[in-house]
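So, here's a batch of structures to check.
Below are two complexes that have subunit A in common, paired first with subunit B and then with subunit C.
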Partner chain A sequence: MWLRLFLASLKRQKLLFFLAFLSAVTGTAMVAGLIGVYFEASANVSRELRKYGANIIVQPASSGYLKEEDVYKIKTIFWRHNIVGINPYLYGFAEVKPAGKKVLVAGTWLKKEFLTPEGNKFVAGLLTLNRGARIKGKPFEGDQGELAVIGSSLAFQLGLKPGDKLVLSSRQKEIEVRLVGIIEAGGYEDEQLFLPLKKAQHLFGAEGKVSNILVSAVTVPLDEFGRRDPKTMTRREFEKWYCTAYPPAVAKQIEEVVCGSSARPVWQVVETEGKVLSKFQLVFLTLTLLSLLGSIVAVASTVMAGMMRREDEVALLKALGASKRWIGRLFLSEAFFLGLTGGLSGYLAGILLADSINQLVFGTPFEGKTSLFLLSLVVSLVVNFLGFLFPLKKALSFEPGVVLKG
Partner chain B sequence: MIVERLRWLLKVTFKSLARKKSRTFLLMISLTLASALSTVFLVFPRGARMGLGRELRAYGANLIVSPFSQEAGSAGLSLGLVADSGFLNIKALKKYFKQNPLVKEANFQLLARGYYQSQPVTFLGTEREAFQNASQFWKIEGRSWPEKGEVLAGSQIAKRFGWKIGQQVGFEMGKKKFNLKIVGIAESGSFEESTLLLDREALSSWLGVNDVASQVLLRVEPTSKIDFFEKELKNDFPELKILTLQQVVKREENIVIKVEMLLFLVTIFVMVATSISVANTTSITVVERWREIGLLKSIGGSNAFVTGLFLLEACFLAFFASLAGFFLGWVLTEAFALSVFSLWVPFDWWSMPTSFLASFSIVLVSSIWPLRLIFRVEPALVLKGQ
Partner chain C sequence: MKRKGYLEIIRLSKEYGEVKALREVKLTVPQGQWLTVMGPSGSGKTTLLSLIAGLIKPTRGKVKIGGVDIFSLSDNQLLQFRREKIGLIFQQHHLIPYLTALENVMLAQFIHSLPDEAEAIDSLIKVGLADKINRYPRELSGGEQQRVCIARALINNPGLLLADEPTGNLDRKNSELVLNLLSKLHQESNFTIVLVTHDPWVARWGERIVQLEDGKVVDDFLVQKSRGRKR
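Showing the complex of A and B:
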């Protein structure tokens, strides 16, 4: 009987159900889509911020050099997946012939691919650390070869262009290289001459050594706990600090794998990015909560408007002898049905929307979370129940005779 | 005749709205919230852009002006002094920067080489206000600004020579010898860590120079005008070397573009969802009034007349709901902007009618769309109860 009435009600009031269903789908999609975007937006924004330069600098703890072999170990730390850029440098002065001028030579990787211990490919080097850098001509790849790239400002001063052959002379050695490109990075690089790392080590007699390493790591904004000195922490606090991607925690882990190093966050970059990220999260959370409120009101008002129309139906059922409990169950099962179907469809529409927004803005797919699915269902069910509950309560309080009399 | 007809229409509209108070109230709440939501999404991104722009300023200088090359480093990250510097004329440049509204901050720095126990050390002379701006995110142990006879040591140099806070250290500069007290140790993550920081004027007097600097770190805004500023500066001071820190500029531009794009897409999405929700609620209220429509049609009301009647009602509700929603939305926007960015979204006469009209259009269009249902009402069938 109850099921028959339920199905008959669905069939008879197709338009009303369709509108209520559409409302539930729209509301849930809005909530699921925004929360979905919120879940991943801060990580995406953080990655965007990390496309332009380092936020951790690794230098020798005392004077001297770091070992080149330790550079690769940075991709083995606990937060290895958050390391998005690594670039080692070996600096020295050399005289450029035939120009006859002393220039700053940086031995580095422009683009160097290596395998992490887990077998994943990782591309390190200046061009991945600073995506804004442009090379006219060709970059050298890896760390070998007789090739060189010159900073745009230095190339202008010395009147050099790709294809030119240069002789570089340091206190230790003299080597010959061929210019293959001009780099425009909009920074100090524009006044340096770049050689493959091994070649520079050979030129300066510093085989296997680097002066410093620049690292770009995706980190979380520093809070009070993150700022604390780990030396003052209890063991448990230290574990929590160490396992959170705070910039000093990531720097500490790098320091542990790079022998004789001192790794420090670039505070201005780290703090600015932390603040920008926190504000962004707050902005998005505020807008999401506001949309959640908006969609709750929208769905509830649609359902309420629909229910108001059905006062006669409630009165008739009461007149025919149905108990309040029985009528309540009938209408609330409609609410459950609407909430469930609307929630499921809304979730699907929401992740589609979140995916489109992610792809359009950040160029990354939306990964989705089980919690989002559950949240969508709960929101849809609760809102539909609430929408049904108040008008139903009101309709049940009417005297059937009065309502049926019109 | 027309006035009479209009008066009659208004009377019917008001009566209809007043008769079903709960329905009118529900519609008003729904429409007001939809309008408030539209207003927040239309106005708040402007506040977010302003707030984020202000936060991004903390990245610091985006342009370095110097006589010639003096530092090694990567992009904006300086890795140390590699050549002796020439000098810039502070007076002329300060006057020039003061007149240029694009220059938001100028940090004049003086670099000098000195010796500690025959080991070379670098002194970095700076101005108090500029230093406080630049060092707001550094980790400073001890005092954050050295007075006369005092110096702030970078963490690397302090570590190298084993200096402690409160220690008196003897330095040599040319033929001059002097003692300075270390009052603080600073960690910046950049080249300042390997320098001794002190007041620029104190350093100038030891060097025997006046009103000169080795370099000036500039903050130019908006970043979109940085190329224009660089050209202008090159034109007016051709002897200077200007280095735009593209990494800082691009990082800021990229993040602003991404956040704006994200907010724009979310706004579109919320507007569409809001319109659908408003249309749904209005549709249901039209369906609820099936009998009323049937009766009006049966006593001779044409589709156009009945639609006109409902349209007037929709306009009336949309106008007042948009007005209330607009003010509610504006208050919410200001509250959010104040709590998130501690700023007011400036009120401007252009954005107010635009935001109001946008939210009014959303509410009105979404309310009008369901009115097409009126055409489907067959009076005889409805009055028969089918």
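Showing the complex of A and C:
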């Protein structure tokens, strides 16, 4: 009976329902599209930002060194997929001959590929951590070989160029390397001489050791909760904090796998990025709320128009003894139906929208997700229920007395 | 004739702002009586009926049906009371246009409790619409529509049937059909009827006539059986 009543009412008001349906679909598509793009885009934006330097630095907790073997373990933490760059350093001073000057030598990876325990290929090193760095000549790969790359300012001071042979001597050893490139990174790197990590360890007699590790991790902006001191948290709070990609949470996880280390966010970088991301989020949220509001108003006015024409019908139902609840259920089931169909169509339209925006801005396709589908359903249901609220209130206020008026 | 009243109207007044539509109306209707309320236009007939149905609230006074003071009930109790005890027939047929005759009757069952298709079909057969149960209101004549309304009003076995100008839109032939039908059903089930009309011809079907003028009862008498009741 319910169904019959409902289908019959639907059939009679085809046009109105179609209009309400369209408003719901448009609204849902906008919201689903925006939210879809939003998640994709904030990840993309923060990944973009993460291409230009580390945001977490790992150092020995007390004096001494970290173990090189622990560097690889950073790709095993909870947020391992958010780790997009790793770069270990071993620092020491060595005399450059024939120039006869002491320079800062950094043993590192410029570009080093390794397999994570999960079997994924990962490329670490300065060049992936800092995409802004430029090399004249060519970089060394891996961590072996008699090759070196020199910072641009240092090269200028010493009058060195690619192809030159250098002799480096530390207190422990003396080695010979060939200069293959000049690096320009725009920072303190430009004052250093870079050696493959293993070579530097050999030079300084520090086999298997590193001085610090720079890490670039995709993180979420810090909020009130993220800033709290984990030591003051309850167990559940801590779990939630730990499983959110806040910079300090990721740092904490790194600390746990790197023996004897202290890992901390590079606050300056983190704060700046957080601000950029928050602004971006605000814009999206505002847009989303506005389209939500717009579609609620659209549904409400369409349904309201229909309701005014149904005054007789509602009055009759009341005269026959239908309660407010009964009438409410009747109209809300219409809202529910519109919500479901609108949500489904809105989701499909939303994916198309998100896809075209994504293609345009990031050049990547957008993939529909179950979560987004559910979200569309919820959005559409909310839009329709809220859209039906005012008309329903109006309907409930109709007086049954009018049925007796000729 | 001091029978205990099934319907008791006690000093009932209704004012619409300045307009006094009803002034202290007193009326007692025994169980099973067919009462006809007559009066000129604007005399308060519809107002009286709406009050008895609990569709509007009085300014003063009480309506008791089967001993229950209906305006002392909560809104929901009143709705339930109306669902169970009162059948309504209007001048305008007030069928839901997008439901068939059968579905319109079943709607009343549905609001009351659960639809029972067999019972609904039965009731339409009783009002002589056996071959038209699946028609939409627009496919029925005025008299046929009014008969659907009668079936709907009586489907939940109300104790009190209220009818406001039930034949107001019908010609003599159809009016007669509808009134004879009501009369037959009334004799079968013995519910109480309050029927409003300004047409003396219609009043002949009832047992008692109350004359309203300017919101007051000005006359109240029994109909001579020999004179009116048709079968």
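Definition applied: the second predicted complex is superposed on the first by the 261 of 406 C-alpha atoms of A that agree within 3 Å, B and C clash if a C-alpha of one lies under 4 Å from a C-alpha of the other, contacts with A are read in each partner's own complex, and residues count from 1 in each chain.
Note that in this section contacts are C-beta pairs under 8 Å (C-beta built on N, C-alpha and C of every residue); 3 or more make two chains touch, one makes a residue touch a chain.
Because the structure is predicted, anything quoted here is derived from the model rather than measured.
The partner of subunit A that touches more of its residues, comparing subunit B with subunit C, is B. Of the two partner chains, subunit C is the only one touched by A:G321; subunit B is not.
After overlaying the two complexes on the shared chain, residue contacts for A:V276 are found with subunit B alone; subunit C is out of touch.
Of the two partner chains, subunit B is the only one that A:V37 touches; subunit C does not reach it.
When the shared chain is aligned, subunit C comes close enough to touch A:K11, but subunit B does not.
By the touch criterion defined above, A:A395 reaches neither subunit B nor subunit C.
In the superposed model, A:I77 lies in contact with neither subunit B nor subunit C.
In the superposed model, A:L158 lies in contact with neither subunit B nor subunit C.
Looking at the complex, you find that subunit B touches subunit A at residues 22-23, 26-27, 29-30, 33-34, 37, 40-41, 44, 48, 51-52, 55-56, 58-60, 69, 71-79, 82, 134, 136-139, 155-156, 159-160, 187-190, 193, 243-251, 254-255, 258-259, 261-263, 265-266, 269-270, 273-274, 276-278, 280-281, 283-285, 287-288, 332, 336, 340-341. Residue ranges of subunit C in contact with subunit A, taken from their complex: 46, 49-50, 53, 55-56, 76, 79-80, 82-84, 86, 88, 90-92, 94, 96-99, 103, 106-108, 110-112, 115, 152, 164-165, 168.
By the touch criterion given at the top, residues 1-2, 4-5, 8-9, 11-12, 312-313, 316-323, 326, 399-401, 403-406 of subunit A touch subunit C in their complex. By the touch criterion stated above, subunit A contacts subunit B in their complex at residues 15-16, 19-20, 22-23, 26-27, 29-30, 33-34, 37, 41, 44-45, 48-49, 51-54, 56-57, 59, 61-63, 87, 89, 91, 93, 104, 106, 126, 129-133, 153, 185-192, 212, 214, 262, 264-272, 275-276, 279-280, 282-283, 286-287, 290-291, 293-295, 297-299, 301-302, 304-306, 308-309, 353, 356-357, 360-362.
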